[in-house]
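Okay, structure first, notes after.
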Amino acid sequence: MAHENSSGVLSYARLVTVARISNLTVRYGNFTALDDLSCEIPEGCTGLLGPNGAGKTTLLKTILGFVNPTSGEGTVMDKDIRTDGMAIRQLIGLMPEQDCHIPGMTAVGFVSYAGELSGMPPAEALRRAHEVLEYCGLGEARYRNVETYSTGMKQRIKLAQALVHGPKLLLLDEPTNGLDPRGREEMLDLVRSVSHGRGVNVIVSSHLLPDIERVCDRVIVVIKGKLRTAGTIKDLKKLAGQPADVELREPNVAFANMLMEKGLTVTPPKGNIYRVQSELPPEELLRVVQRTALESGAQVRGFETAVRTLEEVFLEALTA
Amino acid sequence: MSIAPFVFTSTLQDMLRPKRFAIWVIVAIAMVVLGQVFLRFTPTSTATTAYSTLSELIVFRILALAAAIFATGVVSQEVEQKTIVYLLTRPVPRPVLILARTLAASVTVSIVGILAAVGTALGTRASFGDVFLRDCSALILGAFAYCALFVLVSLLINKSMVINLIFAFGYEAAVPKMPGDIYKVSINSYLMSIASHPKIVPVASDSAPVATPGAVNTIQPGAAWLAMIGLVVLCSMFNAQWFDRNEYVPREDGD
Amino acid sequence: MSNIKPIADLSYRNYDGPLKKPGSRWWVIAKNGIRIALKKKALWGLMFVSAWYYLVMLVVLFFVQQITSSNPAGAQAMKAFMERLVWPDQFLHGFSYAQLPMLIIALMLGAGSIANDNRANAMLVYLSKPCDKREYLFGKWIGIALPILVIMVVPTIIFYAYGALTFREYGFLKDAWLLPKMLVIIPIAAIFHASIVVGISSMFNQARNASATYAGIYFITNFFTLLMGGIWASSRGETPFPVKHLFYASIDGVLIGACKAIIGTKGSAPFGIQSQGGMSQVPAPAVVPILGVALLISVVFVLIAWRKIRAVEVIG
Amino acid sequence: MIQIENASRWFGQVIGVNDVTHTIEPGVTALLGMNGAGKSTLLRLITGQIQPTTGSIKVFGNEPFANPEVYKRMGYCPEIDQFYEHKTGRQFVNYLARLAGMSAAEAKTRTDEVLHEVGMADRADKKLAGYSKGMRQRIKLAQAILHDPDIILLDEPLNGLDPVGRREFMSYLHTLAERGKTILVSSHILFEVEQMTKSIMLLHRGRLLAAGDVSLIREYIDKYPHRVRIETPQPREVAAKLIQLPYVLKVEFDEWRGGIELQTRELNQFFAFLPTLTTEENFTITGFSSPDNNLESIFHYLIE
């Protein structure tokens, strides 16, 4: 990953694994939050999935160096989570789930204050605060008191304060919570642009699986304090046999029957979408499908290689 | 209104829950200690005068303080922690809601006041006789009057706690001591008339500018009763009407 | 030299600029606390109110001097007045009468310091940065203690300068250590207020509740002090031993007691008024115990704040 | 069930809801809109927490403001996340059950029932202060359905629920709708709204921009150009062919993913034509889809 350092010389960071956690167990009293969990988080954008209470929050806390593990160990960017919390937090930006701001401050004041808390000199902090607020799309509103902000703006300012000190790892906890569709799209674009090609690694924890799908390359699924699944989204979504989904204008029984007569496997439709399985390459299959449609008086409105949704992947991991 | 008793008892339970109420028990115990100390160091005073002094100086202040605190629990605290939504969207008529809750606050404050009075009486070894009983009736009446008034303030003003505290500590402490007939516009004067404490050893003081000798309280106890009951009734009627007609929605940002 | 492009890339870039080492963050926090405090206009008003005794004394002394110097017959009266005036006691009064305004200033500066952070989840911002609990608490504390210190020290020094320049022949400099002594007690008062208010603030998530609690403690203990003073005065100072000590068992009392003990006076009536044994003349307590009590209370409240701020519970 | 007639509400000079007229019938209706579009204000008007400045709102023919008769038959799940934190979930629900006028015994059985229905029966005896966001949502839902109301208003009920919880919630919503309840749900998550209902109300800057069945609205906005994506290894050839069609307005090449994206005014005619490309002219096409064909794009068309 190439990025320019302050002297303008290109340098190549050899960071391949952002965080490595091995056999980590965290207990609070009788409650085991993480149970002998091992995982490796490579660079790029990783989605962290799991039902409520699965230990996602504890994992984030662990990465921040807040938790004293009962056993096991972990490193974040080659720093030990048990002893090097401060150094780790210097490299991490956290965007928490809850609203958080410092009362009585403007957005610029707040973000530059956050920068100063991370050790930036005041002048640099202020300059950088303006820059980061620009990225986060807070235009003139940056001179307003944060307390008067709407939900969407509060989300942006949370991201801005997490980015101000130029973290190498960004932890985003439910970044799109409470955002309206446009706000969500902008937030996801922003996260994606920051995490791809800018040397910032991102871990996103979210219940909204389509969001994860949009920004992340990989996911890890934590259930009951254990790692259940990990891998790239592309691989996880693949379906055996690569069937195709055919969308018709309206459901048509004859169409399905005729396809089956031609020796194709058709699963019962969901609404007006038929899943068709065959040995043919996609373009050939399409020809067959379209001919059949013409014969049966159906109109094909969509034809795509079928995949599982991330939700199906997740639910499967949950019941496995 | 069959729901009113439940609103009353549940609010009362909430206000009297041990964690919240412990502090007032501690205050009452402190009054026992204070009574002992006072008695030991003012050999000239009798049990009754000692009790009266402490009651007038401290117990009635505690009453006003408790009223300021518990009265905010009736409405404004609910608005602030936004839980008012749950109360307002139940099939409970709003006048019933506020009157039953105010009643619960008044009862709680009465209990706090009487507890402090009992502590004082125990500490000063005063008898639980006439003076004490008169005090109790004044405390109960005072609790109702303060609560009704403070609830009214909290309905009208957003951050009412400060105003109520200033009223309880500043106004109620200063006005009864003012010359002329001004003292008649403070609740404390009427309560003192009902309590009719025996003459009290004046506490000499040269560092508290407000501690002037004070006017002679000429309010008749009967008139005081009428005035206080009138105040409670008027305030409550107003509260019920006002609360029924106005919106109590927590401000939310973003929408 | 090389990679200057006609159009700059203004999309996200990393920050690679200088970073300060941990250990200096407390000052950032303190500075911010002070900055927010200075925005409150009421604070400036309170600064004058807190110095009211010194201001009134300055005016009184100035006019007494003007009138008597232009009218030789008044010189005798002036002499009598000056003889009645105990100089160290003027500082004691200045200090004592500043306590109530100081309480309000402490509340304005400090009641919300941690409580507001609790309410707004700001702890998340602080503790997810390379900034630990120690620096957070110390920064908040300094941000309250320092302004209080300045607000109390400035009028004291002005009054001292006026006195030292004008009233040397009336024995103003009799105690050469008076100013250093005041400069010892004022920081103690600042520490005391700042510690208590930080501790109380950490227990709440609304500044108002913290204010009410501290004000409640202040006034209730002050009633107690008033009562003890009344007992002491009405018995003409002959009450048994504990009363004159219990007199100091309040927020004001501890500080006034400490001030009396350090500058070595038992006090007198204000403005040089003649008085025989009022409440203002309760004898001073011993230095070590009263300072011990003041510091112990400060430490207890700081410890409360320390326990209330929890990094682990910050998320989730 | 709910009749809104020319209702407007403003706060000082800020307008929350502007001249909304609509009747909400039994079944699930989704309330959509950007942040600040007035959704919560509308829900508060219907729940009678606030009064309309002008116009009127009738619930079962009654004005809802401070009207116990209305609350007897209405359940409301507010957006706020505040509770009596020192109470347990069970105590909280039980308290509200009593306030709804149930006797102690009745409240107890009903509390157990709803806690079971929202899947909180095993965790209800912990203090609310320790609840996660998902548990809080479940408790809020429990209190909304407690007294078996005929109208249920839900403000962002899915916020903070995990995917499993969302699924359960949506299927539960369907059973409620089947029992003839009137349900109004506000939500931002459009793909979930799609799974919940076909009937929407879209608010924009306080105005009611669209209301009714999604498919009707979609037909209505058919005059807008539709996008179609075509996956093909011969993008330029396919494009050259398609650009000749009179109803194709624009063709773009997708450099990043390959393939082409075009806009057409006549979706029907376009898809009727498309098979000729593969069956008669022998172009290689591996897939095609209309990315607009969802609620999200309708939403965007309408508010932009």
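For clarity, chains are labelled A, B, C and D in written order, and residue numbers in each chain start from 1.
Keep in mind that, in the parts below, contacts are C-beta pairs under 8 Å (C-beta built on N, C-alpha and C of every residue); 3 or more make two chains touch, one makes a residue touch a chain.
These numbers were taken from a predicted model, which means no experiment stands behind them.
Listed by label, the chains touching chain C and chain D alike are A, B. Greatest Cα centroid separation from chain D: this falls to C.
Computed centre separation for the pair chain B/chain D is 49 angstrom, with centres defined by C-alpha atoms.
Per-chain Cα centroids separate chain A from chain B by 56 Å.
One finds 32 Å separating the Cα centroids of chain B and chain C.
Centre-to-centre, using mean CA coordinates, chain A is 24 Å away from chain D.
The set of chain C residues that touch two or more partner chains comprises 316. Residue numbers of chain B whose C-beta contacts span two or more other chains: 254-255. Multi-chain contact residues of chain D (touching two or more other chains): 35-36, 132. Of all residues in chain C, those touching chain A in their complex are 3, 10-22, 24-25, 28-29, 32, 36, 39, 112, 116-117, 119-132, 311-312, 314-316. Across the complex, chain C meets chain B through its residues 96, 206, 208, 211-212, 215-216, 219-220, 223-224, 226-235, 239-240, 242-243, 246, 269, 275, 278-280. Note for the complex: chain B touches chain D at residues 2-3, 6-7, 10, 14, 17, 19, 81-83, 85-94, 244-245, 247-250, 252, 254-255.
Considering their complex, residues 34, 37-38, 40-44, 54, 57-58, 61, 65, 69, 80, 159, 161-162, 165, 169, 201, 203-208, 211 of chain B touch chain C. Residues of chain D that touch chain A in their complex: 33-37, 132-135, 156, 159-167, 188-191, 267-268, 271-272, 274-275, 278-279, 284-290, 293, 296, 299-300, 303.
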